[in-house]
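Take a look at these structures.
Shared between the two complexes below is subunit A, which pairs with subunit B and subunit C, respectively.
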Partner chain A sequence: MVLHCYFHSLGHSRSKELKGNPITFYADIVNAMLIRATGQNLQMEYTRSLKLLDHVKLSEKPGKIIPSGDIAALVYLWNPFTIVACVGLSTSPIENLAIILSLYGACKRQAPLAAFGWVIATHLSLYPAILIIPMILLLGYGTDTPPRKLFLQRRNVEVGDNPPNDRCCEREEVVHRSEVPHVFSWRPVIHFFCWTSLWSVYVLVLCGISVKQYGGLWELFKRTYGFMLTVQDLSPNIGVLWYFFAEVFDFFRNFFLIVFHGNILFMMLPLAIRLKHRPCFLAFVYIAISSMLKSYPSVGDSALYLGLLGLFVNELADMQFSFFLFCGYVGVSLLSPVMHNLWIWRGTGNANFYFATAMAYACLQIILVVESVSAMLNHDRKLRKPLTELQDGKN
Partner chain B sequence: MAHLPRPTLSLFLVLSLQIIFSAIAFGSDFQESDEEEFSEELLLRPLPDRKVLAHFHFESRAPPSLSDSHGRHHHLFPKAIAQLVQKFRVKEMELSFTQGRWNYDRWGGFDPISSSNAKPPGVELWAAFDVPQYLVDASWKNLTHTLSGLFCASINFLESSTTYSAPEWSFHPSSGSLRYGTLPREAVCTENLTPWLKLLPCRDKAGLSVLMDRPSIYRGFYHSQQLRLTSPEFEGRLESGIVLKQTLTVVLQPDSQGASNTYSSETKLQPSWSLSSIFGRKVTSRCVLAKSSNIYLQLEGGLVTELENVRKENVISWIDNVGSEGWRTNPFFDLSVNPDSVLREVNSLHGSSSSVLYEYSVAKYSDSRPFDLGLKWKSPVVWSCPQAPLHASRFLMGSGNERGAIAISLISTGLNEHFLGANIVEGSCKLEVDIFQVVPWYVKVYYHTLRVFVNGQPQAVTDVVEKMRVSPSEDKVSPGVMELVLKFPCDVKSAALTLEFDKGFLHIDEYPPDANQGFDIPSAIISFPNFHARTHYFEDSSLKRSPMLSKFQEKSRVRSYSEVLLVPLTTPDFSMPYNVITITCTAFALYFGSLLNVLRRRVGEEERFLKNRAAKKAGRLAQLLSMLSAKIRGKKWEHPQSPSASSSFISLKLIVKVVLVTGIAIAWQYYSQ
Partner chain C sequence: MAESEAEVPKAKPRPIVRLGIFLISHSCLFSVICCTAGVLTLLLLPVLAKNTYISENALMPGSANPMFSSQEVSEANRLVKSLTSLDSKPVGSGIESQRLIAEYMSDLGAEISYHKFYPRSNQFHPLHFFSYPDSGSTRENVSCISHGLNTVGIIRAPRGDGKEAIVLVTPYNSLKVGPGEALSLGIAYSVFSLLTQVTWLAKDIIWLVADSRYGEYAAVNAWLRDYHMPVFSGLSALKAEICPVSNVHNELKENSVTERKINDGFRRAGTMATALVIKVTDGSEHFEDSLSIYAEASNGQMPNLDLINIVNYLAVHRQGLRVKVEKMRSLINCKWLKILGEILQSLGHVAKSLNPQWKFGIPAKDYVEGAATLASSLYYQALGVPTGPHGAFRDYEIDAITMEISSRVALNNKARKNDFLLRGGRLIEGVIRTVNNLLEKFHQSFFLYLLTSPSKFVSVGVYMIAFALLVASLPVVAASLYADAHKVDPSFGIDKSTPQASATDELSITPRSCKWLNAAKKVFLVHLWGAVVSFLPYFICQIPSCTPTTSFVVWVLLSSFSLPILSLILGSSFSYGRPSQPQKRDWTLLKSVTISAAFIGLCLMSVINFATAEIGALLMVPMCLMAQPLKLDIRSRKLRKFLRVACNLALGFLGFPPAGFFVLKGAFEGFGGITVGDFWSWLESIWSWSSATYLYIAGWFERTRS
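On to the complex of A and B.
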């Protein structure tokens, strides 16, 4: 309800500024709605798993669990980055829409929708291709839960409490009660792959028809994905790669291109191993990493991951440096236009001024990613602690 | 129309017998055309703004070489050029080195010299090839390298595809085999003139090229050295071979020691000059290898009109004032040397008056009697040069280093009323203007932002633009090219075109050494296809045809070049590469390391390990302390496990590790040797 009010007020203020080009505006609205739906889904799962783990003190008080979907949608909509990207008629709301659509589809276990979102997102900006791992995990295991080990531990504790004679029926009951999806279900994943291949063939055929007279698909790939991967445009943006590749020696250029893009890929596997029980959070981390290391980042990308960050307010409640990060984001987003103006328009500053803010921004993003991952792992530890204590006490 | 008087002709015949002989020989050659020819000419013209234009014209012809294309011996024609034409199958080529900017307002914009010899600053090269379409680029690249070697200039920079373009119709009619490139910042100096002079048979040792005293030439306001090559033999016309035209156009300022009476600009006396005062040298002899060796003094139409106005008070026209004294002296100026003949322009388009040419043959002068033409002004005279219908200028708009706009402004010179009559017959009177503009890729022009203003009012682009061809630039591959045909109403007073652009950002290696100076956008070419600059001089003897005058007779478009624009681009910090690389890599290494650390950390194990170590190290006291601290923290204190077992285990592990590492090291050492 609150959200609807916000929609109204925000919609009015923004549609006036847009002057009849409302596509990005509506894309943002849809983004927020999808984030909210995803968040409600996640929250349901969260409360359910807390109940399963008998965390009475956490699950009992309803005020303690914040409606993360609403929070995330509001963060997304009121984020100055979102507003700037929308008013500036950037295409990032549409790219974000594709990403969020795929996440939503995977959360709802709708393989066609997830596949569509993923294919379109990959087609639009290539980097969401790495989201295939969270997609598979989401479809295979379901949405974010505490580690599966905990459920097993919990069950062992329960089973251990019971007398040994009717263990089997008890276990059945436990299994039935908890519904722990600790088995990887292949069915939706295979569906997802079928749909992915279908959508990608569809997109490729459409692209092939439309670019037939301009050199075909290969030319399309070279001019779009090739342009992204070999950072050719050196115009300043909020990332650091433009300045890096403007300054780096030409014979190291290829090496660093491989290193920076490899950096996105290197972290995929460790993160996937450690966070496989939380695919949504994994997707958030991937999006944050790729928006930090991608060749032409924009504030729209930051808006997306900051919005998704809101989905995990409950888990990340005791994240470190959150105030520092908030101040840093505010400071950088105020300083960087000033530095850009000094350098480009007035000519009184030089490139290093602006690069310094871009560097600070990159560092903030790094801290955000590292701290959020750390907080999430700590949260899982915290969930395990009562169980281990219980077990220890029993032993 | 004035017929050359008979006594003049007889005088001319008597005085220059040698020339007649050579002319007859020339005439006989014209039928056979199997011998190489060379001719040298110099045109001098007083300019309205107290300067003097000197235009050297050297022309060499080689007969068609199809009969014996290999191992041909060249007598006069430079072998390097002949080989170049043969090797790259150059149909037509023009190379110019220019310093300074031709002042179209004051020095004229409608005569053959200003339309074909006024060039943009720096180097301009265009060439048309007689090769298949896919070989044109390769030929162009080879040609640029060859010319670069020939003329000691960095023409080889035109090899890169970002610097040259292929105009289709606005520049020069050709079927896609033409390439055009400019280097606006190329400095032109004597090192470029010397190889150019080497192509002349007499170099600068004899003939008119003796006048090219380097300090006095480069002191001038404008200096353009040009080489034009035509070889019609590739087009199937076998009667003529390669024609090489070398021209040097300089605008010099004579020392004005004589003009000291008044200082008001209107009535100021023009400075008197002579060959020796403006060049510092005199013509001692002709180049003996030259067929003809002439010096012309041209009086422009405007000046002639002024003279005639004065003469109208006297009944007899000054040109009919028979006798040598009539040419030498008139109320405005005195000539020190009597001309051999006087040529008058016929069927002048300018309506007002036609220009007059005094001809001097150098042949009759020698070391003992050097030729030193002097012009002494007696009374001040003001005249103006014929102008192109529109005066073009180009400038930048906007501030800051992110975006801007290019504006081309065309202002009517007020002279097109003269030409209205010719065009109005066709029906609606339209003034056609062609614009050809090449913009380097780092100035990213948005061609859809083209806006046209006529007489200050914005106009729909489709109303004015008749035809348009745009090839957008591609980063680091090709420049942006725009060709436009505009049609304005004839009574247009002013017109302007604007195009918006974004400024690109370059890699530090792509900036020139003085990056903060800015980047040059080559001149735009504005031509008027309905107006032709041709001056036809009445000549009674068809035998003797001067190559320069016949070139003036050729039908060529009136063309003018706009200014070179200087676009400042944003520069990165050139001293920073190491800092940027290290800082960025450090940040990403921190990200990688800390994230990996977070992922592999297991808090519970760490705590246990720390406790173990503490217990192992310290004695009783430390154990108590740790117990105390655990109490304070409200945790359950665990008794450390027996350290002996774990220590032996650890040492065993350590030994295994050390052995493993040594083994690997030894193996590495062994295999690497």
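On to the complex of A and C.
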């Protein structure tokens, strides 16, 4: 499989060397490898938790669990969005690299790495700052597992089932051992915060030195983060904000800026509460939402979350509308360059043509997020079903 | 997921979901209704056409009295006479006539420059659509011996700032000036001479005398390319190196004493607001002097409707010319169209008797004429080949039309000729004066429209209805097929749980909802093959010294070989023939994926070039809906099935010849460089190939079963 991966990445490279800039290309390769490692980690955890829950039916068959890491890496590498972003020499592969690095570090519970990734990602594109919640959850609870309640339930079933003897103690021990990572452990989180402050001070000092003669740090913040937050550049992109802020009256501008950015923040807390047992998936949802609502989105962001979507291929196997979404993505990604051409080059269309595809794209992303979250919750429910049946049978 | 789907109707879902389920469950009926409605709406389009109106207020056509008088006519006659006298001389008239025109121009006080160009065979470029018109200007194919020479005269507007211009184009063959060409030059010259005197001019006037020795389009296109792509000294020196004997300019300059203003440099006059191509043809008309308007540019683009409107308005209301647009002659005498027109007329009468407010009935004759015009409009837009030199302008976002003025009788009579020149000149003057009023580019009126007569049009909002109705059945059928495939699933799922089945069945690994991935892979492969096949001519025409026949043979061979190679590379499972049970489901999934791919493609195409999409939809929609695996049908010996097989084969056959035809045309375009190596051939072939996809898939099923 590794060879397979490399073969594909080599095939990938050929198209890249034409343009001659290797940095984004290598960033993509590293991204894919990190996604793969993360996926293997997640999958190990998944199999383990299935075993603990005695889902023999699900966990026994070798073919049943798909190697999600490989799939995700392949999806990331072969995604036309990735290729386009890379060929177009966009900086998004590097931003993606920082985000994936932080996720990987958090999955491996290496606080310094996670902190480094997070700080760099935030520094590069600001929006990954919201990933701090999944980071904390990942470091605190460990990687994605079914809800904690299930393990407790399972344990209850076990206890009620077996008369007290030696074997029971053994079982209980197993269950206890399994539950150790599910208790929130503060140590790595505190580590993470220490490292975060260290790295951010480091980055700030470096930035301060390099921009000293151009007006200092404050100017840097104003020119970079300020530029992102107060959507100043209204040139068309695949997002919806440029059109909106081109149309909106100037005295409402600040209000709507707050609304749009607040929108991302509002969604954070409820999602974090509902999906706290699956921090990686939570990170995926956050990335998808921010790539939908960020001020200057690019296809590279979509490439990232579509790649991460591949990590949950086992859990999301029963996702609804997958075919519809696929067709929609294909259609929109073909239609939007054509609309852009009609508007800019041929002069027969107007901005509404292009904006229509941007809206369709945003709708597709919304459907994708909603459907994937509901599929994930359904999956958890399905895991609970046999347990409750078992319990009912006992009672 | 199948279970959850089954539960949905029980749970009383929202009305819109219920409507969706209803549509999906009656998809067969729905698709038939939609297709018929689509075809009917297409036939109704001439009735739904609206009258044109001038939507830009700044234009104010015909608000000023024409200043064009008999004095200008005599000027025109002078030029025509000297041109015809020049033509009687045997040799060297190519340069002579140009010098003559340049002399006349410089007498008027215009700036003159010559533009030398080399005709180059147009390359078939696959990504022509997305590139800027001539970004990939390859200058290898320049042959030094043959070149054309355009003469360009520019009047600077007294009130302008040199930022905008109006272009007059008169194509003529410098080797042999025909009488019509001489007259068109005369009209342009007289208008030009008038414009040097007027005070109202706010835009510069460029008069391009295009040397149509190598085709009208090539000359205009070459000039436009050089106009928009500034050539710096380095490159021109390079050019001079390539062609050492390029001293035409010097030759021309030495010989004439009066030409003080001629300079080597390329003269420019800002962005072009409009271009008018003027042509004169000799009297074959029966009734009166008439004006034909040609507007279709490359790839089905049209100039702004306002331009056609003002020409039409001025010609009809000021000069009393009869305005025509292209018609499909064969349709006018069509029996069934006449009958349809009668029916519609009577329907209109009935409606009017019911309510006098309803006025949608039009006379049968009008209907037939409108339908013929509409058909030709659709045809030329779908073909994507420009109908004249105006097509070159549209690539640079300049609205342009060709005005072909033709007289009633042969112009031997002097008074008759003067009258003709006067009317033509006044028309041109009026159009220029109107466009001169324009403050911005043309943007107010429609760009996407179909003409049913010079004064009637169908706008995009109306003709899209016909198309939408036609293709609406595709997503519904795709959804119902998809749902069907999942309904078959539960029984299959039970099979799967038995150990033997799970051991043998490789497919059971993939989760249920992702089964379509396999089908998508197949469809993707076939489409990729189609793309490869349609890209091949580009590479084949790079091979030197190839006759069209051999290159065509090479092309056929390569394309047939490329499919196995592709399937080998992608490791697709094309050859696995598995026993019957899952095959039916596979087939439905495959059909569903293909139909959705066709739907996306057609929608995309309708945005790029509506006419092509409409014609493609007429061919492909029935094909997509009817397609069935041949082998399954043949095995079950029933009359109905046989009928269906026959229908499929007929449709497949119908769908295939256009494929061959279009691709052949595209290939020849690439080889011979007859017209623009345009994007259309690429798209055409892509889409005709994806229709061939169907035939292919049916054939594949046959093969796997046998």
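As a working rule, the second predicted complex is superposed on the first by the 362 of 395 C-alpha atoms of A that agree within 3 Å, B and C clash if a C-alpha of one lies under 4 Å from a C-alpha of the other, contacts with A are read in each partner's own complex, and residues count from 1 in each chain.
Basically, contacts are C-beta pairs under 8 Å (C-beta built on N, C-alpha and C of every residue); 3 or more make two chains touch, one makes a residue touch a chain.
Just so it is clear, the structure is predicted and the values come from calculations on it, not from any experiment.
In the overlay built on the shared chain, the residue A:Ile258 is in contact with neither subunit B nor subunit C. In the superposition on chain A, A:Leu335 contacts subunit C only, with no contact to subunit B.
Legend: residue contacts after superposition of the two complexes on their common chain; A:Ile66 is shown touching subunit C, with no touch to subunit B. Judged by the touch definition given at the top, the superposed model places A:Phe266 against subunit B, while subunit C stays out of reach. In the overlay built on the shared chain, the residue A:Gly347 is in contact with subunit B and with subunit C. Using the contact criterion defined above for the overlaid structures, shared-chain residue A:Ser322 touches subunit C, although it does not reach subunit B. Once chain A of one complex is fitted onto chain A of the other, the partner contacts of A:Leu377 are limited to subunit B, with no touch recorded for subunit C. By the touch criterion defined above, A:Met44 lies against neither subunit B nor subunit C after alignment on the C-alpha atoms of chain A. Looking at the superposed arrangement, the partner reaching more residues of subunit A, out of subunit B and subunit C, is B.
Note: residues 345-347 of subunit A belong to the subunit B contact set and to the subunit C contact set alike, using the contact criterion stated above. On subunit A, the positions that touch subunit B within their shared complex are 232-236, 240, 242-250, 252, 260, 263, 266-267, 270-271, 274, 292-293, 343-347, 350-352, 355, 359, 362-363, 366, 369-370, 373-374, 377-378, 381.
Residues 61, 63-64, 66, 317-320, 322-323, 326-327, 330-331, 334-335, 337-339, 341-342, 345-349, 353 of subunit A touch subunit C in their complex. Taken together, the subunit B residues at the contact with subunit A in this complex read 399-402, 475-476, 504-509, 570-573, 576-577, 580-581, 583-584, 587-588, 590-592, 594-596, 598-601, 603-604. By the touch criterion given at the top, residues 1, 4, 129-130, 132, 301, 397, 441, 447-448, 482, 502, 508-509, 511-514, 516, 520, 592-593, 596-597, 600, 603-604, 607-608 of subunit C touch subunit A in their complex.
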